[in-house]
């Protein structure tokens, strides 16, 4: 145990550097994922035939394949097509697309929970579909989705850990180096595990805080049966 | 040469399926047991299983994979394949614990009361009344977990196991066609998750309780 | 005189600081149909649940066929094979058919083989008039049918006494009659039963004795004629008058 504290103390700056990259990956992935995921859901629920198929295809593809494979395709495969991206860019891109697919499903659940009645009511006072989505559906959906969506930041944080396999200088890459140097892989990775746990804990706290702030009384998703 | 390469990658499917065949049942048995002792055990035991669940689900699987691998390989001499599969199983057990816990708790409490009222012991009530209903509720989220395990099996790449992804990389290096190689890998995984989900959807349909 | 099936002496129970049952004493002889009435929330259901040990009474004695069952080391499961209960919200096993619901006590608790159990279960279902619905699931049955399956399930255990906890309170008015009819037949056949209910018509017609409980104590008890035409206390008279106004379906006037 004393060993472990020693490792932490000695390599703190390295852990820190890696952690920053990890957090960057997570937050950027989260934000860009929302930007991609929301339109994907709207396209899937309200779109015409081709748009719907496109959106479903994207969502199913990114939810049905491992993120590691996605990383390899983008970082190692794209250059063959003439698109060469740096490690970081590849990682950001994959994180965004991957998270987007999962966020799309959360949004879809929320929209379906709202039910068709709301759209009917909106159209019946003369709103266009677009207006109905913007002023009636989305405001409710965004609030309904919060509990389910708050799983995503933690999920993404954990998913980001595989980025080290394309040599992104995140927490895991640092850990690999430190483990080799100290000949103490178990100690090193325990520290890493604890760091991830702490970050997850902090993230959860922030999310709970936000959830409380944004609640509308009476507008809640009933506890879903599995 | 191309065909051989694709075949080479495809053979990795056997290894991947083997990994899943170890990890998933292990996660199931362990997860179900933990869920049962969490719901029906003493407050202390409940606390302990909660901690297990929080820790195992809060740490990235790849980190746990490495940790468990080093711990297991340190004590017993196991192949990376076996150590990795066992580790994945242990990781999955925490997620399956949550799935079964939720399912058991969503069986209405009246069912247990009714079972006790005809003289069933707690054990019999759980076996014959609670679990048959809980396991049905668990199928949709469990289907998700199956997909997750299928995808997480790719992580054993990092342990050097010759599964789909590692073989793709090998092919990519030899043929200078990484896009093709990794796309094939992606396709195989996609088909596996697709088939698994469809299969479980059908199972859910067939075991549904009429009008419930 | 034969040993009473159930002998309750000085039963008391507190719940969250409130006294729910206060020194209740009650004797149930073989073949008795006892109806318990009283304002809601005065411990009637709690009394029933103490009798079949779903709830633990704080003090007092409950004897089943002369043997004390309100003790810490009693085998509750065994006791419940002899004291069955029918609940207000039916509580049928959702994943089993009507037949399955009746069978399961026989196979899994009494260890009967499947063939015999199936036969017996069919008999009980026929007894409550649901032979044709044997293969339907609870979700496909009406409230009255569900409750009758629940009664069949309780009967399958061949209990010494059946406890009915407001068996018709959750039913639509037009479905109440079919359940009361089954209960009436059971009483006629000599089944020992304790019924908590608001159905005054049923109490008048079927009960051997009516017990009026209020505030956790027995206010008065006696045969229906006594209580209705010659009540000993003012409170009894008041309560019966009110409840007859609200609920009284006189069976002679046709099914309510």
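When the chains are written out, they are named A, B and C in that same order, and each has its own residue count from 1.
The rule is simple: a contact is a pair of C-beta atoms (placed from the backbone, for glycine too) under 8 Å apart; a residue touches a chain by one contact, two chains touch by 3 or more.
The model shown is predicted, which means the values in this text are computed figures rather than measured ones.
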Remaining chains grouped by touching, subunit B not included: A | C
Closest chain to the centre of mass proxy, which here is the mean CA position: B
Per Cα centroids, the chain farthest from subunit C: A
Geometric centre distance via CA averages, subunit C-subunit B, whole Å: 47
Centre distance in Å when subunit A and subunit B are each reduced to the mean of their C-alpha atoms: 21
Gap in Å, rounded to a whole number, between the CA centres of subunit C and subunit A: 56
Residue ranges of subunit B touching subunit A (in the complex, touch as defined): 55, 58-64, 66-67, 70-71, 74, 99, 102-103, 106, 137-138, 140-141, 147, 151-155, 157-158, 165, 168-169, 172, 176-183, 185-186, 189-190, 193-194
In the complex with subunit B, residue positions of subunit A that touch it: 60-61, 63-70, 72-73, 76-81, 154, 157-162, 165, 172, 185-186, 189-190, 192-193, 196-197, 200-201, 225-226
Footprint of subunit C on subunit B - complex, ascending: 110-111, 113-121, 124, 128-129, 132-133, 136, 209-212
Subunit B-touching residues of subunit C, taken from the complex the two chains share: 52, 54, 76-81, 84-85, 87, 89, 91-95, 104-105, 108-109, 137-140, 153-154, 156-157
